[in-house]
């Protein structure tokens, strides 16, 4: 199906190197975008085979964050090339066992509902927070603990239903089971801004994790199911997970049908819809916050300004610039699970940047479940009091404080 | 000149090569011939220009001088480059460039009869180093006669050039140890529309504070020099500032300088500024020795104190933006060696620019060298001058 | 890329190096070595025997001592953004990658100095000192990626070097490890050397004298006022004469850059578009900086000069975002040119400024005769040309035309009294031109100076000098 033509403009200038979180972690060109392009071209020419362990190691170590793309003056389509390389590797040698197992879980809703349901139970008992820490397993508990609502007391009242465009809420898997409070906040804040939010049953996982791992088959299967469930009735499909949104917007490419392209054209990140309406100003929320841009929002979807517009609608909120906020946190889908060492090195850079901020923010705002969990766990491991929250959560609290909910 | 040397030289290369006591070739080729013959004969020779800067005679079999290499070979105003022979004096160069509204922004210590070759070989920058950089930045390439008579052209005549190794750097401040600089491509500037010198007098701490304020304010100056009374020929310490550029630009900067420093400055008229620069140039060779040292700008005040305590009275010049300090006076070898040790502990190198041979032989132009530099220098010397033909004291006996 | 069996020597060395720096930091598998086979000029490729990434200066010293003991050649490398094929190792040579030595060791704002390790990225240094109102001035176009150590090895330039000088003018001291593993301290914090100017000699030695492991740099205050003028010309020659007129006026702009139409088209088609009309034959970017009065006074001279020499429009930007936008196209031009064809040969040569108009005509003639696309983007203020040839190396006719064009352009520059490289270095790419640029005596002397630092010739072997060019300097007839 694909090829590597998107890599053709590469002139080997190396400008992408410092834009790559894994290169910054190791300073080894084998872990850089330019180095990986060399590997992909060798794979294309047949100079290296798909089962070459070194080739696989360094391509597997790519976060897929596409932070290199905006740094590239030649417009190399790195993401497309990586997708093709991973497809070829998966097709010829298959997925690694841990990846296969994990993707298997995400591929069947019974499986992920059971797994994340258990996780939520552990979280709600307070066990996750208790066990959170720095080792590999304890970081995992930290991730689970980080999915908890940023505030214990959630708004209980509801706003008046909007009368404007109709919006289908994409529920996803992790978001649906562990971040239900973000879905609630999404519904309420969209309603305040005039949207009519419609719940659509029968959806599942978006397939992004499968797609990134080279399992385009699996991704396409999940995509077709979502397409069928959501249909063509609403004006928009809203997503509050950057990773899911990026793939939903790319269903046209993944599925290759006209219906998929029409579907993809209706997909919006929640901050895009909110920013289109202002958003409406809320009540005062005197907090220090720094925004960290999810890769799949800023690079894949090119949504950069809108999350800041959402935070800008909150009076009293002090938004600080986080150095390297455009750099990946090391979560990257199942990356933190299958490449724990590199993921941790990349995360450490992020936590260090947060640690050196003055004043230290109360919340890091970021609009992707992986990032929320990864950064949240990193903060707990580092013993920092800073917590994580989705931008719409903050807006939701602001609306509650401002009396926007009856 | 050692007995028999003159006759042998005249016999081999013609009597016209001799000029009084010195061997003074009239072309690069003659210079190469003289050097080759001298090296072949095992004669040791010392280098000189017009002989106005060096104070004493090192022992040598002959003196090889560039004093008759006096041609200005080309001036390219559009390229801001002049090619000159190394015996051209600073005064002659200035006169040749003036009709083109060009100048060479080096104001070395010593009289206008100093040669361009001498200024480069000793890397003796003056106050203008603040605005235009050290001597090594003021030429683009040079032709050097090495002791065995080979002529080597290094560098080029364009302002940016990284082809091959940067050999010209070795000759700037090499004190002739790596051959005779015979020709140079000089980097020029267009004469600025306005060139103003301001002077303030007062006690040293006050002027030091004013200089710090000037530096911190970022006023655009091309020189900022603190001068001892002996250096400036005044009764008190002086701070001199020089501004060059467009008229409105220099006026604006002068006003900012006054505000930033809060001291009384008076502007020197054109003639006064010229004669003031002449004073500085000559007081820099008022003592039997002159040396320079380089310290960080934050350490100038303490270094001045150390200089005063160890070297004693003399003419002192301190580049307040560059950290290049110059001192001229009379100093005994033991005193100077002690000062150099003290400075070395503070990461401050001391380079003797001119001194009686007794002092140079004992202390050397550079004296004690840093970690690992000694062997490199020794290998460089034996590469360029394997027979040790050139009499030059780089390290000294006790440095 | 073959998977030939690793030679026994290399296998043994792999073990020894792994013990010194950790096995994680010795790369030996073919795929990994392939990622180090080229620098920013991919027309040259050479796979190293091994890649070692030491993490500290003591590890560098230990690695160099080991390599000396075993007579193994090595090549120092930074981020591999160089444009001369200089940081490439072939055969059994070990590639010594210094990117992990990336700490800024000290910043002394009062004395305006910083001490850094060689792997510090150029732009990161300026970012780190910005809070003191200071900057590190040399700004090669690759500054977001290239390392200070690489800048030292190449004596890198950049647009702002017209007024402020190239790398050599901003380095005051170096701690170097020589190829035999011994160390030397060159220069002093202030810059006055201890002895001859060995810092000046080391700068631009292309990795052939040793490895700088601590670099003391001069910092400069950020200018109080900056004004960028962007002028469009309908004639290339008119833009060149505007450059000459500005230089002759006595004003030294901070930068004076030119892009021709072909380059402009590539930039405007990229995400770095400046908004210039692509029917302009050339654009000039003039940057003035300094005190506000001085900048205003200089702008009042420069703008009329641009118009008098035929500029059809002059845009003036003073705000940071506007200036950044005008600059972005220039800084990313090489990358933008990558869109034009699969391959790009970036050239680098210098001519006396007065020869610029003629040289540009000669390059156009070469272009027309060979039927290739050449874009010009360069530092006009110092006569430093960068003709960029877009081609497809899979087409043998085009590949041959590039070789011919390069040679003809180099010869034209030398004939005009210029140099074969202004800031990229000789590396692998320009070796063959060295005998045309220098007389045999100068080349011989350079080879011997190299042996002063590296008697065995193990540091970056095969670069700068063509094979067999260096004859014995100490000839018997002179002794």
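To keep things simple, chains are lettered A, B and C as they appear, and every chain counts its residues starting from 1.
To be clear about the criterion, a residue touches a chain if its C-beta (ideal position, glycine included) is under 8 Å from a C-beta of that chain, and two chains touch if they have at least 3 such contacts.
Quick caveat: nothing in here was measured; it's all calculated off a predicted structure.
*Asks:* Give the label of the chain whose average Cα location is farthest from that of chain A.
*Replies:* Between chain A and the rest, the longest centre separation is with B.
*Asks:* Weigh B-C against A-C on C-beta contact pairs and write down the one with more.
*Replies:* Comparing B-C with A-C, the pair joined by more C-beta contacts is B-C.
*Asks:* Indicate, using Cα centroids, the chain positioned nearest the centre of all protein chains shown.
*Replies:* C
*Asks:* I'd like to verify one number: the distance from the centre of chain A to the centre of chain B, where each centre is the average of its C-alpha atoms, in whole angstrom.
*Replies:* The answer is 64 Å.
*Asks:* List the centre-to-centre spacing of chain B and chain C in whole Å, with centres computed as mean CA coordinates.
*Replies:* 30
*Asks:* Find the geometric centre of each of chain A and chain C from their Cα atoms only, then give the gap between the two centres in Å, rounded to an integer.
*Replies:* The computed centroid separation for chain A versus chain C comes out at 39 Å.
*Asks:* What residues of chain A sit close enough to touch chain C in their complex?
*Replies:* 8-18, 27-30, 32, 34-36, 38-39, 42, 47-48, 52-55, 58, 70-75
*Asks:* Considering the complex alone, what residue numbers of chain C touch chain B?
*Replies:* 108, 110-113, 154-155, 157, 161, 165-166, 168-169, 176, 178, 182-186, 188-198, 200-201, 203-205, 221, 224, 244, 247-252, 290-298, 301, 350-354, 379, 382-384, 417-426, 430, 434, 437-439, 441-443, 445-446, 448-450, 452-453, 464, 473-474, 478-479
*Asks:* For a test of understanding, state which residues of chain B touch chain C in their complex under the given definition.
*Replies:* 36, 39, 76-81, 101, 123, 133-134, 136-137, 146, 148-154, 156-167, 169-170, 172-174, 177-178, 189-193, 218-220, 245-253, 256, 292-299, 322-324, 347-349, 351, 366, 369-373, 376-377, 379-380, 383, 386, 394
*Asks:* Can you check the complex and tell me which residues of chain C touch chain A?
*Replies:* Per the touch definition, chain C meets chain A at residues 1, 25, 27, 29-32, 34-42, 53, 79-81, 97, 99-100, 102, 119, 121, 123-124, 142, 144-146, 270-272, 332-339, 342-344.
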